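Take a look at the following structure, please.
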Amino acid sequence: MVARPITLKTLLIHPSFMKRIGIADTTFARSDMARAAISAIKKEASVEIVRYTVPGIKDLPVAAKKLLEEKECDIVMALGMPGAATQDKMCAHEASLGLITAQLMTNKHIIEVFVHEDEAPDERTLGWLAEKRAAEHAQNAIRLLYYPEKLTRMAGTGQRQGYEDAGAIEGSGSGGHLGH
Amino acid sequence: MVARPITLKTLLIHPSFMKRIGIADTTFARSDMARAAISAIKKEASVEIVRYTVPGIKDLPVAAKKLLEEKECDIVMALGMPGAATQDKMCAHEASLGLITAQLMTNKHIIEVFVHEDEAPDERTLGWLAEKRAAEHAQNAIRLLYYPEKLTRMAGTGQRQGYEDAGAIEGSGSGGHLGH
Amino acid sequence: MVARPITLKTLLIHPSFMKRIGIADTTFARSDMARAAISAIKKEASVEIVRYTVPGIKDLPVAAKKLLEEKECDIVMALGMPGAATQDKMCAHEASLGLITAQLMTNKHIIEVFVHEDEAPDERTLGWLAEKRAAEHAQNAIRLLYYPEKLTRMAGTGQRQGYEDAGAIEGSGSGGHLGH
Amino acid sequence: MVARPITLKTLLIHPSFMKRIGIADTTFARSDMARAAISAIKKEASVEIVRYTVPGIKDLPVAAKKLLEEKECDIVMALGMPGAATQDKMCAHEASLGLITAQLMTNKHIIEVFVHEDEAPDERTLGWLAEKRAAEHAQNAIRLLYYPEKLTRMAGTGQRQGYEDAGAIEGSGSGGHLGH
Amino acid sequence: MVARPITLKTLLIHPSFMKRIGIADTTFARSDMARAAISAIKKEASVEIVRYTVPGIKDLPVAAKKLLEEKECDIVMALGMPGAATQDKMCAHEASLGLITAQLMTNKHIIEVFVHEDEAPDERTLGWLAEKRAAEHAQNAIRLLYYPEKLTRMAGTGQRQGYEDAGAIEGSGSGGHLGH
């Protein structure tokens, strides 16, 4: 048997050299946001994807931390769709705090992708929004991992994920500041 | 005396190989949610159950952590029934944050099963809801421990525990996204 | 001199074998809740009591942690009487979060006994409520230390500390669940 | 040269035996609360004082922790004057949580002395209140360090810092509890 | 070759002796606050600047912590522009708590520079405010690093970043306190 030569390319795409992205999602969400995220990731990069589904958004912080520590992911996307009721908003708040703490405990990013049920006027738009936001944040995950300089080029430009960007403030950076 | 042969099955059901589920509940709750949870667990799997009752929901975070660390449970269900007053809502919020922190400190899941007294129009429905939610979350605990792939198959399908499922958004995943 | 025989009883009541309960209270409270708590504890058990008074409820979390770690208490009761203003409610919320975190850092219980000034219609009832709640939670502290099985027997029975118990939901556990 | 005899008093006032109190304050506050605190401390005890000024109240938690850990202070007073707007209240809340966490991480007290701008009807009263509260909490710091038993004698007596004390509830402790 | 003599000045400006300031900013912001901050820093001191751009403000806490720990920055400025909606306010709150926790975990300062979209009546003023506040907080960062005594001289003088200073309360420190 002839040994295959190990080229640089072989090394770069070999699993042990590939970056690993964790996808934590929920059975509570009403749309398969993970599929949209995974599909967007695969268009952008050759990475290994580890998916971990939990019941609700309050289960996401430890799921994300387990993906980072036990599955050795380099970054995690935490996907959730909180309901519109006050109690659901509170759950989302608690989950967000947990996700921030999990990041501080691991020194790794967890991109929170939450779509609130009342962010869209109807179910169809909600589904579209959830998938669009997941896909656009998948690009952010790729940028954080591979192309941080791209994010810096976009700094202060009013990027939004899902609905259209707010854009940079007109005249921003022109130096024409108001007197005081 | 003849030595009993040790079969694979013997090993699997032997206590030292059994998973352990902690059940933390309160004397404050007005319904024995733990009984419903334990009953549901026993239908699904051969696991060891460790129960720990505390006065109120704010005592649940450390109780759950002690079950995970001192009683070596693999997962914990934290059962509580906060009242309807503003102050009770605040207690539930504080308890939830504590449960999330306890998970991040242990890298293990604590399934929060809270039933707010104002979630049901009358006591009878409240009792039914508490037991139903406890039982359905018991299934989630089993899935997290033994069948994580089942949860992934249910991802994004709008699962609810207690009242009926919200279901997946119609057309979700059909690819027929709105233009923008 | 004749050596006194060491009996089991001698051992059990000897300080080095006695459990230690910490009592953290405040100068802000308008009623000596600690006296009520200590009196109730002494009726129930032979324990060593360590008292630590701080200015306000936001000083209680570290006081409780110091009692657990530096004074080697087995459990702590944190007694406070927040005022009725919005700002006081916020202080109570912050203190509660700190007490939960302190428990998670030590794996020991801190029984929070807060009586809000607006929980009673007049000062006399407020004073009564504060002492009653402190005394009843002292019993919970004793149960957590010595008789955890008593708490489990009381699980889901709607226990309250101070005002009368809410009680278990009628029909709870009868199996006669509503259909859905 | 004749060696000075080392008396007990010399030892007690020698810097290496002196307690150290940290004073963390802000440029945001509109009154020099630190001066009032330091002046009150000096009337009460011979201690070393380390002052650390930061821009705003959200910078106080880490400033206090650095005073405790890097400057080896025994206790810290954190002085701030949050504004009256909703956003300012939120900042104060966040700072308070941070101060509590800092205490739990160090097992030392940080006395929070916040005066909200809307606590007084006019600027002059606000200035008076800020200095009065700082001075009275300076006494609490001294009590925590040197005379903890004084605080216990004041427990449950409705102490306030700045405006007049609320006092103990009349009849409290008289044993004349309401029936129920 | 003649060896260049190593003067004190050479040592002070040599990279390994230079302080390092981290700048964490977002693509969400609608103005390039980092440019304003960096420009202000360069006017004040010879420091090394490390910039790290993330998608939104909830990504700032871990970004700041990575700058402090992995890039060995001595201080970090965290720049963000939360929107005006309730949900955006909540995100800012969560981010602020994370930034405070990150500081407590590292014992280093993170200067939070948030400009809420509703702090200004129009976009032009918003852009001006964002850059002004970033520049003025850059001066605070420099003071914390090099001139802490300057901050103490400014203590209690009602400094604000962006809009004009509130100033010290008139008569503050005059000793003419209200009686009570």
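Per-chain residue numbering starts at 1, and chain names A, B, C, D and E are given in the order in which the chains are listed.
In the analysis below, contacts are C-beta pairs under 8 Å (C-beta built on N, C-alpha and C of every residue); 3 or more make two chains touch, one makes a residue touch a chain.
Predicted model only: the values in this text are computed from it and were never measured.
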Where chain B and chain D overlap in contact partners, by chain label: C
Any chain that touches chain E and chain C: D
Classification of the chain A:chain E interface as same or different, half of numbers criterion: different
Between chain A and its twin chain C, rotation from the CA superposition, multiple of 5 degrees: 145
Chain centre separation (chain B, chain C; CA means) in Å: 27
Euclidean distance of C-alpha centroids - chain A vs chain D, Å: 43
Sites on chain C at which at least two other chains make contact: 97, 101
Overall pattern in which the protein chains touch one another (line/ring/star/complete/other): ring
Ring walk, chain A to chain B and onward: A, B, C, D, E
Residue numbers on chain E that touch chain A, as the complex places them: 25-35, 51-55, 58-59, 61-63, 65-66, 69-70, 81, 83, 87, 90-91, 94-95, 97-98, 101-102, 105, 123-128, 131-132, 163-164
Chain D residues touching chain C - in the complex, by the definition given at the top: 89, 93, 96-97, 99-101, 103-104, 107-112, 116, 137, 140, 144, 148, 151-152, 154-161, 166-173, 177-178, 180
